[in-house]
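Below, each structure is written out as structure tokens.
Here come two complexes built around subunit A, the first alongside subunit B, the second alongside subunit C.
Then we have the complex of A and B:
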């Protein structure tokens, strides 16, 4: 399998991001922290798509942003081709941004309303000195065609476009610098269902054409299943299970993954009738005071005593299938 | 855009006509008249005065003749002599030796026999415009950077310092700050003259001073700082609030992810988007500053327009009331038009056609 043999492009090693909670008017004291990402480790292989799923607020987007150093990690490392992104800064980091780009969730908010499409897509080319003025326009028009828009849109403004078109512009912008890695932060969540498929297909076509590597963050399990080679399931800042797409969807090991998958409706009335749902009780606990031991134990249907005492190790139970659970 | 501006100018004319109508009605409906003094004048003298200034005519006639004098261009066939204060037009255009177009006669002042309202516009208004423009420039160059620094260094000592200066600027009025500055720089240190103004007619384009040396600045410095500081505080707070909102927008994160340098993220992406509220307030602020400010001009002994806004009302000096109010209205609507044009530049989503 290509997953086994391919070289590692990005290695995330015990990544932690805590957002401090501050009190005090003049002298501020840190009185706690939101444990948004709490010790996440995984690899992304060159050319693959790693899906990252989880409920709202579980730290998916924070993970993506911290990988790109849009947030600086509290601890842990992110290695891109053996360069430790978490230690470089300034000009060095800025140059690395050529290699890694991000597609954002909200196509309405993530495009500067004052800039034309040409300026938005062309700006990375200019600041990374990849093209002169003439070359920039030609390249932007090519990119627009590539994502299924017209080169004539060069001088238009973002508000003149629909959500799907705007997200294509976001894709073109991310592609402009020829990156190797693109972090897709819920790129389709804000779009109509009819448009979602178009954007996902576009992302897949582009991946084949340019040998791109994706970290695909989403909460739509069926979409992640469609696009990913491997899938990681996150809960409250921690990865619970990581496996190939086939293993994860057909043989989920972690009780949280099982519960999540049981919530996906099946588009077949007979099978849907028999679908057994594991309904989780209660709400996701606050990331300010996450539960001791296993993060999931407060809602886990099979939790036992040890789950409250010991944090389960994230271990490889089968080749390529990682789980953080005492009972697997 | 061109059509929009023409339409707006037509609206402006309507606004100014309405302002003139309301002002005229109001000032004639308040009790008292221009010739009521502590010691009452003989009835014949009052009757004569009223006849001379046409105050004996019915109000509607007075109003129509005022409109005729101010708004309707007139034609004269010989060079205006300029001796009669009732025959003083702000704009005299010579077409040929025997054909003159004359426009905007705001009438004589009641409080001085030899001056017209246009004399005030020619002599006092330029001083106020200079002072107000300088104050506005100072407000911008202090207020906007202060707001930017406070926003970028939110909740740090710079932020608290900047906002403390802003609160100081808002809450210490010119009537306190002015005498304080005069006492420090004018009386104790003797760096600057305590009162006065350094420019005299004639003015370039009707308002620009001819001398711009130290002789000018030594007078202009204190009052324009005193006047501008309050406005700068308002601008600082607005800039800070607006920029704080914008730097949390997603497209700012997009810019960082592109690899734009931090300085350019702020200047190129954040600042332009956050200037709209600041520009909005600049319109009325400009109109208020350049038409003269009573307290500042009084404190620093500046021969500007400000006092006429106040004294004309207490004196029931009808032509001066009308003139100053119309002037303010014109400045306000023109400033707001400029602001709206600026909007179109700042925000491409705003189109006026």
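Then we have the complex of A and C:
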């Protein structure tokens, strides 16, 4: 698809986010840091869906939140249409936030139980002074219809809805301010299988209708294959591989991507029988004290000496196909 | 093959403030020696309640097994005295739970917890039991098992904790192992490790398994037979290849079509099942799936279908033949 030619909407440049680990009650001393995101660079093109996958704790959600400046980056930059979000603040930043919205993972925790659906979806309109009281109600009702709910739900409370319906409310809230970019942070992983497809189809329809750009954060590699144009694979705070969907799934180059893909079960007993699995040994190391050199080397089936000494450069090995591995 | 378990007409209800919830509505299944049965369904379909009822682990009140029998080697588990069933649970039929974090006692060492069933069921002394526990922990792949007997659950990672749980459940050589969503809380690479381990142990130790999951992928490579549950009923049961290759219930078909695949592109919309799963407050007089079904016919609305033969050893609770769209 429109990969290189398309206009760049968001540019992430060497983004780093460390969370300090503190000790002491009155006098706090920083004794270390969690290296949640450690030098991540990528672009998101206008109108595309970039999938960001990885196992829990790899820093994919932190990346999403740092892009929106919900966490301030430790270093590095996030450019939105050439405006550096990491340097602006206050009213200026708030204005930019109108362009970027987020859908959260847990539809039970991300809606205030004491607010009505109308108040929840209408709040962004009030904050950004986009509509008066009457206009807000009309807009909220439109939004509810748009996400497949009914305008009659205006005065209901979140507990009256199922998980899938709540996620639709979250989508409506994100759409309220007409954003360009939506960061979807595991929007379907808390939902049942039959409901997941409903929400994914909704996201795809809305993308077409409003020319939205998505950063789709998930750990479900099958769903990411379905929804993304390009996919980035993260491991311990670093992007290991970034390519078009076709290249990443049909010709994965990084040993981690290969292992990850081979670990995903296929809902087909005949295909499962024929498969050859690469089973990774051990667990993901702690991000407090990540391995030297390549972060993946402790679990890598093909690691050699240089992997422990030198951090592999994230380089473009084929047009649009980026890999961080010495052996590729 | 000798029949180990034979469950007939199992019905479990829960008394709630809103009324009586019919969680399991007459479930029948068999399990023969060495066989792996996969029970699939979405949250609230009654899959966990079915096996918990069988082992009498349903808290009562509010829950109650109101009908049916669960014969284990010819003896009804539901009619046994508490003393008798205690000799079976953990010794001959044992269970692994979803969340490896909350199903251990956090203040007892791993060695103590893995050895406990041996002391209780096999009358071993502490020394013998710890030796056997060490062997078992080695078998499930805990490195330096002997040194880790004195560690507490929080000192293990999620995947390792699930391994310890497997060791604990297998330490008495049970003939049936029930695994209730054992990999749901784990990352894909760790999930692949646990699934391989389970396959390996099943082949070595020859126990029968019931594997409960909502993930049609995980179970495809693992089960011999499948049972799909919906609204507290088994709505389709068949050998694994027959079920995936020739799904004969609209719900099973819908679930399979709603799944994206990691091994191929699906360049169409995902088929979603509209609507929500039911919460049954009374015995249904129509097919519980009818409101969401695209194959629905008149008879579906007046009579709940029993399991009908759809092929060799393949049964489906549907009045309609999905190919011809006429009554079967």
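Rule of thumb we're sticking to: the second predicted complex is superposed on the first by the 324 of 328 C-alpha atoms of A that agree within 3 Å, B and C clash if a C-alpha of one lies under 4 Å from a C-alpha of the other, contacts with A are read in each partner's own complex, and residues count from 1 in each chain.
Going forward, contacts are C-beta pairs under 8 Å (C-beta built on N, C-alpha and C of every residue); 3 or more make two chains touch, one makes a residue touch a chain.
As the structure is a computational prediction, the values presented were derived from the model and not from experiment.
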*Clash or fit: how do subunit B and subunit C relate after the overlay on subunit A?*
fit
*Counting only touches as set out at the top, which of subunit B and subunit C does A:143 meet: first, second, both, neither?*
neither
*Is A:110 in contact with subunit B, with subunit C, with both, or with neither (first, second, both, neither)?*
first
*Would you check which partner chain A:261 touches, where first means subunit B only, second means subunit C only, and both and neither mean what they say?*
second
*Partner chain(s) touched by A:225 [first = subunit B, second = subunit C, both, neither]*: second
*Examine A:101 and indicate which partner it touches, taking first as subunit B and second as subunit C; both and neither are also allowed.*
first
_Partner chain in contact with A:242 - subunit B first, subunit C second, else both or neither_ = neither
_Which superposed partner A:56 touches (first subunit B, second subunit C, both, neither)_ = second
*From subunit A, separation angle of subunit B and subunit C (C-alpha centres, steps of 10 degrees)*: 80
*Counting residues of subunit A in contact, which comes out ahead: subunit B or subunit C?*
C
*Look at the superposition and give the distance in whole angstrom between the closest pair of CA atoms, one from subunit B and one from subunit C.*
13
*Between subunit B and subunit C, which residues of subunit A are contacted by each of them?*
none
*In their shared complex, at which residues does subunit C touch subunit A?*
42-43, 157-160, 187-193, 195-196, 214-218, 220-221, 223, 240-241, 244-245, 254-256, 258-263, 265-266, 269-274, 276-277
*Going by the contact rule at the top, pick out the subunit A residues touching subunit B in the complex.*
26, 28, 65, 68, 70, 94-95, 97-98, 101-102, 104-106, 109-116, 123-124, 127-128, 157, 159, 170, 173, 177
*subunit A-touching residues of subunit B, taken from the complex the two chains share*: 155, 160, 249-251, 253-261, 264, 269, 272-273, 346-349
*Footprint of subunit C on subunit A - complex, ascending*: 55-56, 162, 164, 192-198, 200-201, 204, 219, 221-223, 225-226, 245-246, 249, 259-273, 275, 277, 279-280, 283-284
